[in-house]
Structure formats: C-alpha cells, structure tokens
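Letters A, B and C mark the chains as written, and numbering starts fresh at 1 in each.
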C-alpha cells in the first residue's frame, strides 16, 4: 500500500515537472501546435482553434477549464457545467450525434469521447476532414494533460497550464496529507440497481487510494464490476460511499442500514459524495477528492 | 395414352399393403373403393408422382415415371386433393389460374388466353359470381368446386380426383360427375377415390377394390360391384336393389 | 393479370419512392430548399451544403431505403415459406443470430467490415440451425419451422441479455445499436443495394412459383414445382437479405411483418407484384421513418426502429379492420 502511494506521489511530481518544463518548448513551436491525444495520435493546428465542439459533458468541462469556454460552439446533452455551457448549441446526445447540426456549426476542433461517442459517427467526421482530438482520461495526470493539450490547441496555454498545475498541486497536497493515514477499507457505490463499483484501474479508485482508503473491489477483473449485496457483506468495508447520477441519492445508503452487523453501518460510516464532483474526470475531481478524504477522515475518527 | 403399374406397393406407414398391378386406358373412369384408412388417397398421390412407392414400377405411356420431368408430368397428370390447404388468402380467380402454372415458362405472364381458360373453368363450375371472392370466405362445397376449376384449367390427360363429391349438394354432385364423365369422353383418363359405392356403380367403368387384409380386386365395375365383393370390403352386410334399371347398394340394418 | 395490372402499382410506388427520397434529402437539422439541393446535385452550392448532402444525407437515405426494402422482401419470403403471415426474419431468430455475432464482435473489439462479416455469419449460422433442427427426420412442416425459429430466437435473446450483463459499460451504447435498429451509424449503403437489386431480379421469374408455393407444398408439387429446392433457395435468400439489413442498420423490427401485410391487403396475393412492391414500399417506410427519427426532436436523434413501429402499428390495425379492398 505504502509503495503504491509512493509511486502515485512520484508520478504526480513528474507530471508537474513535465508541465513546467514543456512550457518553454511550446513557446518555440508557435506556428504549428501539435499534441498527442488519448488515442496516441498527433493532433496539430496551424492556428488556435476558434470553433470547438465538445462531444461529452466531461470534455466540455475540460475545455472550459482550459480557458477556451468562449470558443466552444457545440456541446451535447447533459453538458451542465460550467453553467455557461448550457447556453451553447447542443448537437444531441453523446451516443447519437446530430451530425448535420454539428457540421453546420463548422467546428475547427472536435473533442471526441473515445469510448462514449459512436466510432462510426466520429469516423464520418474525420472522413469529411474534421480535426478530432480524442479525450479519455484515466487518472489525475491524464486530466491535467487533457487540459494542457486542449489549451495548446485553443491557444489558451497560459490559463490551461495554470489550471492543470493547480489541479495537480491540489491532488499532490491531498496525497501528502494522507500519505501516512491509517487505511480505511472502502466500498464506493457507483450505481444502485444493479449494484456497481469499480476496480483499481478506475480514477475513482485512485481518489479512494489518495485519501488513504482501500478500495475493497480493487482486484476485481472488470473495470466496473456488477455486484450483489452478499459481496459487500463479505468484504465488510469500514466505509461505504455512494455516488450516482443525481445529487440526491441518500436513499441508496438506507439499504445498508438494514445490516447492523456491517462495519460501515455499525460505525455510522455511510457517506454521500456529490457524484457531479467525482463521477466526471475533470478538474472538479479535486473538490470531490477533498470531500472523499474528509469522509474517510471522519471514518477514522469514528473508530473507538 | 395409358397409365400402368406393376407390383406396386404403396407406402403406408406401419402397414404392408398387397402389390397392385393394373393398366388404365384413356377414356376410362376408374373408381378406387375401400374402407377408411386403406390407402385410397395414398394410391392417388402415388399415381400423381407425389409419393414414392415402397416398391414397383409406374409407367406413363410405357415411360418410367422417374424419367419424366416433374414439370412435364404436371402437364400430363393433375390431381385434386381431398384437403384444401389454404395457407395464404387468394381469390377464386387466382386459384383457378394456378392450373396454368405447368404450361408457362418462368418469364411468361399469363396471357388473355390463359385467363379465358380460367374464366371458362369458373363458369363451368358455376362459380362466376364468386370469381373475385377470397377462397377463405367460401363454403366447403364452393371450395371443392374451386379446386375442380383449377384442375379443369390445368386440363391434364390424367385426372386424379380425391373424393370429388365431398361437401357437394346433390345438384353439384351430378354436375361434377357429369363433368368428369365428359372429360373421359374427350379421351382423358379419370381416376377418383370414392366412399359412395353407388356413385361408383353409376359413373365408373372400372374399379379398384382395396381390401385391408387381402389382395385388391381390379376390373370393370360391372363385374366387381357385387355383394360378395363389397360386404367383405366394408365389413358390413349390404342389400342390393334396382331403381330405374340401376343397381343400388344399401347397408342392411 | 396483364402486364398493366402489374406495372401500374409499381410505377406508382416508384414515384412514391422518389418523392420519399427527395423529401428526406430536403429535411434535416439544416433546412435545404429544393433549389439548394439542385445546385448541390449539379456540383455547385456551398461546401457545407455539399458535405450535408453528399456525405451525410445521401448515404444515410440510401442505406435507409435499401434496408427497408431488404427487410420487407425478407419478411414476404418468410411468410410464403411458412405459409404463415406471422413469420418474419425476427420471429425465426435469423436477426437474433446476426445480433449475437455482432455483439460478440464488439466485445472482441472488432469494427468495420469484420463486424459486418460477423453479423452475416451469425445470420447464416442461425439459418442453418433453425432449418437443420426443424428438418429433424423428414420434411420440416411450417409449424415445426416456426416453433424452432421462435425457440432459437429466444435462445439468442438470452445470449444477448447475458452479453449485455457482462459487457463493460462503455461498450453498451454501441451494442444497443445492434438491438435497436439505428441508421445514425450506418456508414455504407452499397452492400445493401448490391444485395437488394440482384435479389429482386432473381425473384421476378420466381414470382409465379412462389404464388404456387404459397398454396402449400403438396399443391405446389402437384403443379410441377421442385418444392424442396425452392424452399431452400427462398430460405437462403431471406437469410441473406436479413443479414445484410442487420449489418447495415441493426435490427429494425416490424418492417418485415407489416409491409407485406399492408401490400397484400391493398394489392392482392400475386407475388410477382408483391415482392417488388415490398422492396419499394419497405424502402419508403424506413426512409420516411428515419427522416422523422432524425428531425422530430432534433438535435436529439431517435433510433429508426421506434418510428417504424409507431408508424406501422396503427396503419396495420386500420387496414386489418377495413379488410381487403375488393
């Protein structure tokens, strides 16, 4: 566990270093800006992108965070953060895009969600010559990288780098604070019916680790394991944290109260973390992580 | 034109029928008589080439059945079934026109001539007023006459007819039997299965008596339709009377 | 039964098809006038309009039309084969097989042409399975074939549920597409057209034989038809049509059931008329349905299968109540 946390910390430091170092390199390549997207492709622009389409709510948050909110011309349904994004033209849901509307908005950069958007539709966009940047962050560094990349493409490097750096520093701060904290075995409930959690590869699991928690399903072979209640009872976690789609899922926790022998119930460690802060890999994850860490700290205090 | 069989054993599941040997000539009207389940329908289906016999040879004009192409067989031999499979809806006219199928090549459309033939058949079976009706809306007797209209449109040299008088009222029984007799006079061969021995006695020139437990009798109606032959056939005591010079058989109760 | 009797409804349907396609080209999230479309067709107009018409609308409309035609003809053939108006490729489990294979391919991370091939293999496998099992010993009776199809279809259904339960969540949207029937992802209409046109040509000389086959295998054999051979051929063709339709647009239900029915109620039972009419009318139905699907609550896009059902069910019930027009 300690080694894990140390590696995590080390990675963060390297990430910060990389951003600081590369700052000087970008200054030289002013004419053509190139970045590598999450599909490991080179994406280049001659001029800063002025009309940007963000095809997932997460991508929308990232591009706004990168300081290019004013250049966004298209979003998809449920792009509700930051609130300004709701005023931008929607091109349908991320699973079924209104390509005509998207094309008619003449974007010069499309931020596509690699596993969320239909690959056929994105392929069509590429075929008609659209510049596509694939977004698929899996950890804190990815989030920072995405923000910096987007900022580079949109010509807002300064803001982007600042935001990315702040984000990483915040995460680093949490990592530092909880470096030696007592482990708390934690079940994070992604969904209620069916009951779902996530394994170690998921960024939420990384948040749990960051706060000194131990994800009880870290070793699950599937990224998002589907579970039954028995599995949780056997693991007997010390804390249960519920997410969900809406802000009011407190009733998800009610059903755990029916099991007084469960450690988390016994010690009153049934917590709710607003899913909007944690279930999208965006800079807001830092806030979510802070809430999560507080909850786990509360759990430690509940110990006899 | 002849239809002949030699040592023919028809294929009835779980039974071993006696072999049949006979020759049928154009212009004759044959009746196949026998109790229920003895294989009258199976015999007709075998003669139509629809069912393989267990053993034996079928010949059409001295040509083995297996050498005749399916389509040219259908031009020569036509059959009316006892059960009418009405899977899909169709009109009386469409059904009558089916009879032209063996006479047209795949790319051909039915011509005015074909339609005239079908119309004539419909008229002949007194169905003209029903020509555009769906066959699913018809009564059993009307449906039976539509099937005969199809066969009349097909106009084969050999007419195999399974229970032609089923469902028919007396007027139409006579009309249908007259039509079949007329066909025989036009030198067609008519073979029908019958459950009414009196119909056979009046209309048939030849009969096949299919016994469940002994070899079939084949010969002229006159020589075979006797109490000695018929009582064991139906396993029923019969009486014979004469009305207007015709023999009539009745069960004796 | 004259040529005129056959051709006048077909010419009417052909005009209707042209009308449907033109309507579909003009409609969309971006409104284009007939004049603008005329410009684009002549190679003029803005580059945006060029892209809208040539890259987005035309391929999708062609895919919609061909898919509808394929499904309607496949349904009509299956109904003749089983002499059962309830038969269609979905009931018989053929599209179920195609969907299962496609989902497996998606789970294996396969895309593009390999995915299409998988769906085709699934349909073929399902066809062989249904036909083979129904054959048992001796002739497959329509009832037996239908029952086997229904059971195999529910087996595929169970497979699909299993795969959806085990699939990683991010793959589920892409998988649902194969089950729902959706033209948003249709990339190429050419396979569908390359199947539909030759099949229609092959079916023209077979029309009269199919008329006879519809009357039952015994009657058909008595009229000189090689029933077994024709039945096999029809089954293979119907499976091929279904497989291609599923690979183009997922499982759009309902078209194969309703289009042949409605046409039979209006046009009668001559397959020489019904089969080409199915190709045209099925194409019209799916083209219009997809136009509605992509415009009615734009920018949100609906799967076309929803619209075909919403349009088709009431039409069908109305015609059924009115009975056949004499």
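FYI, contacts are C-beta pairs under 8 Å (C-beta built on N, C-alpha and C of every residue); 3 or more make two chains touch, one makes a residue touch a chain.
Just so it is clear, the model here is predicted, and its values are computed rather than measured.
**Q** If you average the C-alpha positions per chain, which one ends up nearest the average over all of them?
**A** So the chain sitting closest to the middle is C.
**Q** If you take the mean of the Cα atoms for each chain, which one ends up farthest from subunit B?
**A** Relative to subunit B, the chain whose C-alpha centre sits farthest away is A.
**Q** Please compute the C-alpha centroid of subunit A, do the same for subunit C, then give the distance between them in whole Å.
**A** The answer is 42 Å.
**Q** So the centre of each chain is just the mean of its C-alpha atoms; given that, what is the distance between subunit B and subunit C in Å?
**A** Roughly 43 Å separates the two chain centres.
**Q** So how far apart, in whole Å, are subunit A and subunit B when each is placed at the average of its C-alpha atoms?
**A** Subunit A and subunit B have C-alpha centres separated by 82 Å.
**Q** Find every residue in subunit A that makes contact with two or more other chains and list them.
**A** Where subunit A is concerned, no single residue meets two or more other chains.
**Q** Applying the document's contact rule, which stretches of subunit A touch subunit C when the two form their complex?
**A** Going through subunit A, the ones touching subunit C are 77, 89-93, 95-101, 103-104, 106, 115-116, 118-121, 123-124, 127-128, 222-224, 226.
**Q** In their complex, what parts of subunit C are in touch with subunit A?
**A** Contact set of subunit C toward subunit A: 28-30, 48, 51-52, 55-57, 111, 165, 168-171, 173-174, 177, 182, 184-187, 294, 298-303.
**Q** Within the complex, which stretch of subunit B touches subunit C?
**A** By the definition above, subunit B touches subunit C via 48, 50, 70-75, 78-79, 81, 85-91, 94-95, 97-99, 101-102, 104, 106-107, 109-110, 112, 114-115, 132, 134, 154.
**Q** Using the touch definition up top, name the residues of subunit C that touch subunit B in the complex.
**A** By the definition above, subunit C touches subunit B via 1-3, 6, 79-80, 83-85, 142, 205-206, 208-209, 211-212, 214-216, 218-219, 221-226, 264, 268-270, 272, 324, 326.
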